[in-house]
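You will see two complexes here that share chain A, one where it goes with chain B and one where it goes with chain C.
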Partner chain A sequence: MVKEKTFAFFLGCIAPNRYPQIEKATKFVMEKIGYKLLDMEQASCCPAPGVFKSFDKYDWMVAAARNLVIAERLDADLVTICNGCFGTLQDVNKHLKEDPNAKEYVNARLKELGDYEFKGTITVRHAAEVLAFEIGPEGIAPFITRKLNARAAIHYGCHFLKPTRIRGLDSAEKPTMLENFATILGIESLDFENKYTCCGAGGGIKAAHAVPSMKIFAEKMMDIDKVKPDFILDICPFCHLQFETGQDYLNKNDACKYDYPVLHLSQVVAWCMGMDQEFVGLQYQQMGRDYIFTEREVA
Partner chain B sequence: MPEPEKTEKAASTRPETKPKIGVFVCECGGNISGKVRVQDVATFAKTLPDVEVAEYNFSMCSSVGVDLIKKAIEEKGIDRTVVCSCSKAQHGPTFARAIEEAGLNKHMHEQVNIREWDSWVTKGKNEATEKAKKSLEAGVNRSRKLEPVETRQIPVTKAALVIGGGIAGCRAAMDMANLGVPVHLVEQLPTIGGHMTQLFKTFPTNECPQCSISPLTNGVANNKNITLYTNANIKNVEGSIGKFIVDIEIKPRYVESNCTSCGKCSENCPVEVPSEWDSGMTYRKAIYKPFPQAIPATYIRDKNACIECNTCINVCPVDAVNFKQKKQEVRLEVGTIVVAIGYDEYDPAEIEAYHYGDPGFENVITQLKLERMMTPVSITGGEILRPSDGNVPKKIVMIQCVGSRNDQVGNKYCTGVCCMFALKNAQIIKDKHPEMDITICYIDIRTPGLQYEEFYKRAQQLGVRFIRGRPSEIARDPATGQLHVITEDTLSMTPVKLAADMVVLSAAMVPPKTIGTLGSKLHVLRSAEGFIKEYHIKMNPTSSSKGGIFIAGAIQGPKDITQSVAQAGSAAALAAAPLVKGYIEKDMLVPVIDEALCVHCNSCVAVCPVSAISKSEDGKFVVNDVACKSCGLCMPACPTAAIQLKNFRDDQIHDEIVALTEKPREGGHVHG
Partner chain C sequence: MGETVPVKKQFKTDEEYDKELFKDIERRSNIWSCIQCGTCTASCESGRWTALKTRIIIRKVVLGDLSVLDDPDIWLCTTCYNCLERCPRDVRPTDVIIELRNMAAKRGNMHPAHKKTVGFLKETGHAVPINDQIRKQRKDLGLDELPPTLYKFKMEGDDKVLNNIKAKLFNVANIEKAAMLAKTESKSNEKKSEEK
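And then the complex of A and B:
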């Protein structure tokens, strides 16, 4: 049995390097609700599910298994704040638990890296799913000190719900998890066209084919722009990066005038639990720096 | 293995004259001789004890080959045969019949399979030839102790049961009735006719299905040989071919049969609920007749919807409405059963990306609903109107393979009729509204056969648009409510977003929900997809796995009306044959019990799947020769080898195995 109310906190790459405010907000929220987050020393890239898996599935499994072993040693379930990390680590963790041949192969390769052995003792979690599903709207209510008066375009991203047979969290076509949770935070979730499509970043597209990536993103933004949200609410630093840099790109290249703030669920929950706006860190982001969080009057 | 003296004792009950064996090796036109040197095998056979004749032929199943066997019996006086050719299921009966015609008991034939088990699956010629020799020796060993088995005629109950009153069930019932067989037709719905009565037109001639089927349904209702039970379920089935005892339960209609079908009750009933027959496209009353031509024409009361206002009782001019009617149970005795319970339309709600049934997606309907909409008696009066607001749609998109050819929902098979019904409905709309834009999104268009490809061509000529690509999603703009079908035109490799005022899903045919419980009661095998499995996909697609139970129509797998009718005729002929003849023939290939060895442990009684073994009054165990299915399960269960199945006795099997397990010896045999 793993330690209760304790998580090995897997940061991934983008959050610590580009958006430390998401990491800070997550720690703030988790501690408020009574979870302890342990640092995973020497953790590497997850590695990214689109790029690495497509090139070499076995190398991808070995690198992911190494990260999983670090969490196993801490005797705690692993929590991520990123859809990509969630996808890779949960896929590999489940696969190695179910396939003894794969496990044997990976463990043989892990030995070359040092004293690593995958045992299959932990589960892989996503902070958004811990908050929105396990704790849930009712569970979070006592910890909320203020509600946010805002209308948001919620973006689930791809790896959080798909493949549904592995995730087993919610429908990938008509999920309700984040919308239900946002409501308790005071946020009105807006319905917009193509809500569940990709942001255009994943699968290595952003790095390898910037123009198609921006084409996909431009369509996404057009649909979001139609409903004029106060901000875009995501649960993945890579989507976060796409929404940030993508708006900037479209403003510079396609004569758009987007300035929608982009917020990770952890950032919003942290504010609702009393974290000052300056620590939420919008001022360090590219878009919507002038946005001011306002409290919703409770009737 | 039993002790030697025991087997001798079991064997001692049989004649002990020296056997004269005839061996015949088949080349199977190269199928066998391509690998096996049949001449060597025949030569080897001559070295085995008791083998009087050993020959080979190009094709043993030909009349030349069969004559070879008959001649050997007549001229050389052989009393048993071993034919080395194909499997026992393939041509075992051919040779058994041949020796019977030549005067031997047909059970004195032993079949050795050197084709499926040898030449087709063995690599080298030497290896295959050695294997054939071993198999032959095993067969010869086995044949030494073969004994004649009597074939008995067992009288049958001259009556048949048909389960399901759709097109297949009605056809089968009618065909059997015309052969003079009394038929009980059981339908779970209040009316017969099935899915066919729901259709607007039938492909490829665009005929009125109601007009096509009503002579048959009327005929079924009025035929003296057919007893119709509607609103009835199968409760229990016992017995086997020749005599099945079937209990059926008839649910109350709450309207007596003196109903004149005047409709006053329905006119005055204040309750309206969606009509099942109309796929929910119209409403019916709580007391109703499913559709104007319904058979029987007697009205029926839906007890769950009824508010018991008693209006119908008061307005009925013949006092036919009776709320106190009770369910009835009827016990039938029949000789054979035809199962024709059809199919269900796949529920597309399972494919979440299509949002069938979701709020805001009212304009996503199935082809069956479109059929109901297009009929003159529909809620729209036969007009094509989109359900959300009653406006005439300008752009209709049809999506093929919804629930078919879809691994994600677990249906790999092609339903095979959806292409045709989509083409038909698209044409009907185009004929009426040439200005409407109709697009069919497909994976492949499958229209094989006479008049079918022509039908496809006609749809193209009418201007129906075809896009090769399975849509990934039906998207809805939350602001305007506009639907878009998202797909890829895989021929031009371009993503496509089709605006649609109405989307029609060509849903698959799936096994009906009721098959689960009914299948268990009938003890028939089912395919992985859930349909009832046929005995042989090519040679016997109409028999089920259980003797005396036949299948007709879509319960065997998706079918169109033409195929269902054809199979129903076949099922009727097969099911009626023993009933018309009056008896079935059964080989008395049954176990015998050696009373001296039996320890009365009851093991055989416990394992017998058909309860054919029982304890008689004097304490002895007896076998019911008629009920026995010759499965042999009792033999390994017996601790003392007291129960022995004729021609499958322990010592016979032992002799056979010995030849297969000993090392090959040139020209030798292992049994002294």
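And then the complex of A and C:
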């Protein structure tokens, strides 16, 4: 059995190396609600499902298994804050648990990397799913010290829900998990066209094919712009990166004037639990720099 | 009469087809069930804006058309999984595209930006490495300057695991050599026997 109320905290790449404020906020939130987060020493990239899985899915599986072994040694379930990491690690974890041949293959390859052996003792979780589903709106209510007065465009991202056969979290066509949860934080969730579509970053196309990536993103952004949210709320640092750099790209290349702040769910929850604005990290936004949180007056 | 009519339609020769090559994909992703309904293409987020036609890719794989491996369109998929979710015949187009990319990469068809990403992983353990600005930002936030990942261990002189990853995984460095691999060689599919 794994330790209760303890998670091995898998950082990934973009969160610690581009948006450390998300890492900080997640640690704050998890500690407030009574979970202990353990450092995963010597962890690497998950590796990213769009790029590395596309190059060699066997090597991808081996590298992911190594990260899983680190969590197994800590005797704790693994929690991530990124849809990509969630996708890779959950896919590989489930596959290796179900397929003994694959497990044998991966364990043989793991020996090449060092003293590692995959046993299959843990599960892989996403912080957003822990907060919004396991703890849920009712469970989080006692920890909320202030509510946020804001209207948000919620973006799920693809790998959080799909493939539903592996994730088993919520409907991929019309999920409601985050909307229900955001309500308890005071956030009004806005409906807009193409709400559940891709941000256009995944599959390695952001790196290699910027033009189609930005075309997909431009359509999404146009629909978001129609409802004029206070900020965009996501649960994935890669979508986060796409929303921040993408707005900048469209402003420079397509004569758009977008200036929407982009926030990760952890950051918003941290503020509602009393974290200072300075640590929530609004000052590090590339977009929507003037935005500050305002408290909703409870009637 | 007796004149040679110029050939208008280019037919493909037998050498351009190889059904055996895609046998594993068929087994894993169920593509023989495909009825060419086009739900995948209609659901495709990237296909709205690009030439990516998922249905045609699946058809080419069923036929064993090798040109699909040189098709740049397979690299335009965002892996959003809409096609996989909506397919009425339970085909897994996203997984098929990933497997095709694996084969294409083996043949040396890989974008320079992707090679660079592999380089980052091998050097730092991250696909997106840290920079000075973020190091400062981490300190300001009260976090450790470097996250406790492989890169930090490398900086402290312990690069054993990272070196092993560099040597053993994602060996696309000799990609030029890989490009010259004969078709038969990639067919032998060493990985399959290793998996067994």
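By our rule, the second predicted complex is superposed on the first by the 299 of 299 C-alpha atoms of A that agree within 3 Å, B and C clash if a C-alpha of one lies under 4 Å from a C-alpha of the other, contacts with A are read in each partner's own complex, and residues count from 1 in each chain.
Here is the rule we use: a residue touches a chain if its C-beta (ideal position, glycine included) is under 8 Å from a C-beta of that chain, and two chains touch if they have at least 3 such contacts.
All values derive from a computational prediction rather than experimental measurement.
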Contacts of A:Ser54 with chain B and chain C, given as first, second, both or neither: second
First (chain B), second (chain C), both or neither touched by A:Lys226: first
Which partner, chain B or chain C, touches more chain A residues: C
Chain B versus chain C as contact partner of A:Thr294, first or second or both or neither: neither
Touched partner set for A:Thr176, first chain B, second chain C, both or neither: neither
Touched partner set for A:Glu193, first chain B, second chain C, both or neither: first
Which superposed partner A:Thr145 touches (first chain B, second chain C, both, neither): neither
First (chain B), second (chain C), both or neither touched by A:Gly114: second
Touching partner for A:Asn101 - first (chain B), second (chain C), both, neither: second
Set of chain A residues, in rising order, touched by both chain B and chain C: 172-173
Complex contacts: residues of chain A adjacent to chain B: 171-174, 191-194, 226-227
Residue numbers on chain B that touch chain A, as the complex places them: 352-353, 355, 358, 473, 475-479
List of chain A residues in touch with chain C within their complex: 11, 13-14, 16-18, 20-21, 23-24, 39-45, 47-59, 62-63, 66, 101-102, 105, 109, 112-114, 158-159, 162-164, 172-173, 197-198, 200-205, 207-209, 212-213, 215-216, 219, 279, 281, 284
Of all residues in chain C, those that touch chain A in their complex: 45-46, 48-50, 75-82, 84-85, 94, 98-99, 101-102, 105-106, 110-111, 113-114, 116-118, 121, 125-131, 134, 137-138, 141-143, 147-150, 153, 160-162, 164-165, 168-170, 172, 191, 194-196
